Amino acid sequence: MIYRETGQFKDSYSDDQALFPIAQDRYVIYAVLFVTFVVVPMLANEYWVNAILLPFLIYSLAALGLNILTGYCGQVSLGTGGFMAVGAFSVYKLMVAFPELGFIPLVIISGFITAAVGTLFGLPSLRIKGFYLAVATLAAQFFLVWLFNKVGWFVNYNATGMITSPPMTLFGVLITGPQAPPVAKYLLCATIVAIFALAAKNLARGRLGRNWMAIRDMDIAAELIGVRPLMAKLSAFAVSSFYIGMAGALYFAVWLGSAEPTEAFDINQSFLVLFMIIIGGLGSVLGSFLGAAFLVIMPILLKNIMVDGFGTNTALAAHIEIMTIGVLIIAFLIVEPHGLARLWRIAKEKMRLWPFPY
Amino acid sequence: MTIDNLSTEVLLRVEDVSLNFGGVKALDGVSFDIRKGEIRAIIGPNGAGKSSMLNVINGFYHPQRGTITYKGQTRNQMRPYQAASQGIARTFQNIALFKGMSTLDNIMTGRNLKMKTNLFWQALYIGPARKEELENREAAEHIIDFLDIQAIRKKPVGKLPYGLQKRVELGRALAAEPELLLLDEPMAGMNSEEKEDMSRFIIDVNLEFGTTIALIEHDMSVVMDLSDRIVVLDYGRQLADGLPGEIRANKEVIEAYLGVSHD
Amino acid sequence: MIFFIEVVLSGLMAGVMYSLVALGFVLIFKASGIFNFAQGVMALFAALTLVGFMEKFGMPVWLAIAGTIVVMIALAWVIERAMLRHLINQEPIILFMATIGLAYVLEGLGDILWGSDVKLLDLGIPQGASDWMLDNFDIYIEKLEIFAAATAAIMVTILAIFFQKTSTGRALRAVADDHQAALSVGISLHTIWVIVWSVSGIVALVAGIMWGSKSGVQFSLSLIALKALPVLILGGFTSVPGAIIGGMIIGVGEKVAEVYLGPFVGGAIENWFAYMLALAFLLFRPQGLFGEKIIERV
Amino acid sequence: MKIRNLTKTLVAALLAVPLVSGIANAYELTIPSFDYRTGPYAPNGIPFANGYGDYMNMLNARDGGINGTKLKLLPCETAYNTKRGVECYENVKNQGESGAVAIQPLSTGITYQLIPKASVDEIPIFSMGYGRTSAANGKIFPWVFNFPATYWSQATVFVQYIGEEEGGMDKLKGKKIALVYHNSAYGKEPIRTLESAAKKYGFEFMALPVDHPGQEQKATWLQIRKERPDWVLMWGWGVMNQVAIKEAASIRYPMDHFIGVWWSGSENDVLPAGEAADGYLSGAFHKPGDDFPAHRDIKKYLYDKGKGLGELDRIGEVLYNRGLVAAMWTSEAIRKAMEIHGTNEVTGKHVRDGFEALDVDEARLSELGLPDFTIPVKITCENHEGPGKAALQQWDAKKKQWIFVTDFYEPLRDITGPLIAEDSAQYAAENNVTARDCN
């Protein structure tokens, strides 16, 4: 009976509208935040930050973005890699041109730039639906990557088209570049992700979120009750791209430190993020995190266990690794097509009834 | 309900509307009006063009010929959301709820047009946005009480039994506080008591909120009890238009419609 | 002028090569509404198996091919057993995701079984430019691609006959139109799926052979799937002729663009141009060139 | 339920990483080997990794490591993917007592990735003939070494060869040279060099990009057929090479006027084209074949005992030898480091000094059982490119082997020099690095 809301009466709608109406959920969240911002920074070593935590956080942000578009608004997109590139190159140009603005504002500006681009490429969604749209967004993917690869201006005419993130500080602490202490990088990303995850949750439970879901579930009916498809879809594209753009900015500036468009933002990037939200759970903020965690950690985990643990040779390990991932994906989908997030909810339901299941 | 409380102010007038899909005539020169505050029934056999008529009224279909005059302004085309924003709401023949969302959210979506705060406030979920959400939650809760569906407030509608889904859909339409409410077979596939409940709701809506209602229904007894006036369609043509009594008496109608079995 | 013809011709040929891959997608999507992401990897897997049979077991070509076909059918059966039947009536995107899982599995399996080196695939398919064309008309066409075109033609004919004449074929179409209907006339969805996946497995083998003899059999083979996607949206996910015609349009379009437009913008525009072209088509026909019309009702 | 598993496995991950660093009895030198035995470029990655690993293991088996200190080869699969490269780097850099003593990233992307990190973690990056060309400037990039020659030097070598074939550099005027390149950072490397060479010698230069992976190059070769360049250079990788060579053959482009970079000159690249590839040229800085004492030792000490990483009959392939020569230079740098710092317990920091003082001449090569296997290399503080020389090898389809057809050319430093200065200056400016003093 650890998890039950009986006895928790809500005497106002505002209580009921609260983010986590059930007390236990609130405690869980506090615990998570505590771990994220206090425990992890104390424990995490460089390997954990650079190899696991940073990619996890950054992909979570990207997944959040895509989930808004695909999970909530039902528009499947495979342009994520391209949009991340927009964010990355925007922040690069800005960092070189206006370092005085400070890193976080620059990241947010890059987000807005990406939002604009995303909205532009969202226009076809007004006519094209389903997988047709999905494949059509690949046009964005390939075009954007080509653009950044071709136009010298984006890379400040670097001979090879590589961009390297110049060192920047926040509150006097380095947060980009090789000298930056891992913990600083981690805290920066964690903070941004936490804030915007909250924002996403708010949007999702508000009017905009409902309109998105209405379009997703039955666009015709939605239009007939006064949801403007144009506004709903484009706003979804804009918000989604905003998130993905910021993710791209952090991905390049904080995590990788240098990037080349053709490799760092290729089509696999788009697929990876899409997998994350499907496995994690479409239309679920929590799902975005679970999906990212799964696809970031699982491969490394398998690799470490096999290679370091059992001394399997790297090639075989890599092959087994990819097969295992594949099998796990299928297994998950069979067990719970609605993703890890749903599994979590079911688990909670169980706990709610336990030990008296009736 | 009865003739005397029937105002004469016309809310909506349909004039000589024709609609065809690739040669097939769905509507052919249909003309009738709906008066403020009345319950107007549209009947006819399957494929008579009843649903098409509603779709024309709220702008989902665009008639090739004819005009629609709503609240004094005449037009022959408008986008559905414009219709909605001018106070036309509707329910659907085969339920068109947002299956992934809870009852409450469905109804809140219905209030979409009443809500104005912008993205940024919503993202913060404080100040105006929060206030707005709460106000509209209040309103939504009224409808929930009115339809007596408190129990399923948080349930995803996809899993609800048919009768309840119909009810939620009505709720979603009411949430918009419409002037004109279009009901497309609100009682299809219901058992007799569910039908009774539904009829009661419709009448209450009409009386309490003074909402004008246009309804399509097959069940003659229901139609005859509920409606103030009835228009009969058959294969897109307008067969008759009048008070329930007159329709009941109308020979043509009896032959064309009441005669034949309707399923 | 000659050169332009040349460009168009090789565009057409390249297009057919794409169509070979696209066909597999179409078959499965048509019959089960599944967007089979694994199609490319299936081509790779088939080709690997074929080469493996020939190299490791020294089988003659015909036997190796027969063997590979058997393998692909077995694969289809396993896929249906282990995966599809547990995912009946799921949303398309879930099924799509599942096929991605499948792609991963096949990718790993193929490497483990047959290794990751480049393997020569020589079935005696004519290679290199057609000297006759080159000498007489100074037009450059790959023999292999002419061969591929011919194969594609034959394959489409066979498929057409299969769909129109045979009872199984009709059953498949029934399923494509309406699952319930199909079930009601007493066709087991399971058998249907096994058949479809087998057929597209064989199509994948053909694609694998063609691309394999072009560039040697290696991992990159699985990436040709990306070349097939614009063909799909342009031709429509559900149309076999669409896959062919779409392929040709894409092929010609991207080649002409690359040769005549590329030099001015720095080249390598083929990829995105193909998608842009398809996108442009979609704006006029949201269901693709030959896809079934989408009718919205309430 | 699934969730619980996930958390469980998470804990496992925590344990999995330190597992290795735990075991350390005698002092061992951790030698990471960034392999790619999977993914689209595996066919090239595998032989290199085998050559690199075999040589190190052979040193262990034959002389018990370097000066008696064992080498611990630490393979890590990157799949030629930058993101996995990051994980590999973080994973290997602190393992063992020594920590990673030198890293061979084997990917331009990963190299760029590690260049800034290297100086912080004090691990030398040895990007042998690839990566960031301007890293040749030791004043700006003290931790990066890209000897024996950069792409830019190589490009100028090709230009010289072409000049010779045409009968003098002056004959280059009015000639047309095309570059078919992998549309990525790696492929774009030579463009500026060739452009300025074109300016200097007055030949016409056209660049034709090919997108990854490059199975479909019709358009590219149609353009070549139309423009009829006198020479075609190629900066290709993976399947792109095979397809390009086939296409070239099909349009009857003369193979002996088609020159590939040294990553486009392995058996993998020419074999699929069969007879048609005969006469194709490529850059090289080491000999092919297994007819060297070192190779015999590898067979004797490893393959005869079944400890070899690859297949016996593939020893001596071009990419295998490339891995081997990389291992040789790395081990020599370590040896040098031990000599300089007078200890066998060297770390990355020391090995960097070893690289910077590296001097492997003919005599030393013979001692190592690799008589004139490659060019003598001498590294200095400011010059991390070393000789910058390259030769050309030609494919003999009958014998199925590569044959050296030229001596080693000096690069045209008057062309590469300014470019390197400019590019390294830009890097220094963007990352506020100050050039160190080398005197």
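All chains are identified by letter, namely A, B, C and D, in their written order; residue positions are counted from 1 within each chain.
Everything below uses one rule, namely that a contact is a pair of C-beta atoms (placed from the backbone, for glycine too) under 8 Å apart; a residue touches a chain by one contact, two chains touch by 3 or more.
Just so we're clear, the structure is a prediction, and the values are computed from it rather than from any experiment.
Q: Would you mind checking which chain's mean C-alpha position lies nearest the centre of all protein C-alpha atoms?
A: So the chain sitting closest to the middle is A.
Q: Among the chains, which one keeps its Cα centre farthest from the Cα centre of chain D?
A: Centre of mass proxy via C-alpha means gives B as farthest from chain D.
Q: When the contacting C-beta pairs are counted for A-D and for A-B, which pair yields the higher total?
A: By the number of C-beta pairs in contact, the winner is A-D.
Q: Using Cα averages as centroids, what's the distance between chain C and chain D in whole Å?
A: 36
Q: Taking the mean of the CA coordinates per chain, how far is chain A from chain B in Å?
A: Measuring from centre to centre gives 41 Å for this pair.
Q: Using mean CA coordinates as chain centres, what's the chain B-chain D distance in Å?
A: Centre separation, chain B to chain D: 73 Å.
Q: Which parts of chain D, given as residue numbers and ranges, touch two or more other chains?
A: 37-38, 46, 183, 211
Q: At least two other chains touched by the same residue of chain B: list those residues.
A: In chain B, residues 60, 92, 96 touch at least two other chains, as defined above.
Q: Hey, what residues on chain C touch two or more of the other chains?
A: Answer for chain C, listing residues that touch two or more other chains: 111, 116, 266, 268, 271, 298.
Q: Quick one: which bits of chain B touch chain A in the complex? Just the residue numbers, please.
A: Touch residues, chain B against chain A: 58, 60, 79-81, 83-85, 89-90, 92, 96-101, 105, 108-110, 112-113, 115, 117, 119, 122-125, 129-130, 132-134, 137-138, 141, 172-173, 176.
Q: Which of the residues in chain C come into contact with chain D in the complex?
A: 3, 6-7, 10-11, 13-14, 17, 111, 116-118, 120, 127-129, 134, 140, 142, 211, 214-216, 218-221, 223-224, 227, 254-255, 258-259, 262-263, 266-268, 270-271
Q: Would you mind writing out the residues of chain D in touch with chain C in their complex?
A: 37-40, 42-43, 46, 183, 207-211, 213-216, 218-220, 222-223, 225-226, 238-239, 242-243, 246, 249-252, 268, 271-272, 274, 276
Q: Going by the contact rule at the top, pick out the chain A residues touching chain B in the complex.
A: Residues of chain A touching chain B: 13-14, 16-17, 199, 202-203, 205-208, 210-211, 213-214, 216-218, 220-228, 235, 239, 283.
Q: Contact residues on chain D for chain A in the complex?
A: 1-3, 6, 9-10, 12-13, 16-17, 19-20, 35, 37-38, 46, 75-77, 79, 81-83, 86-87, 90-91, 94, 108-109, 112-113, 115-117, 119-120, 132-134, 183-186, 188-189, 191-192, 211-212, 419, 423, 426-427, 430-432
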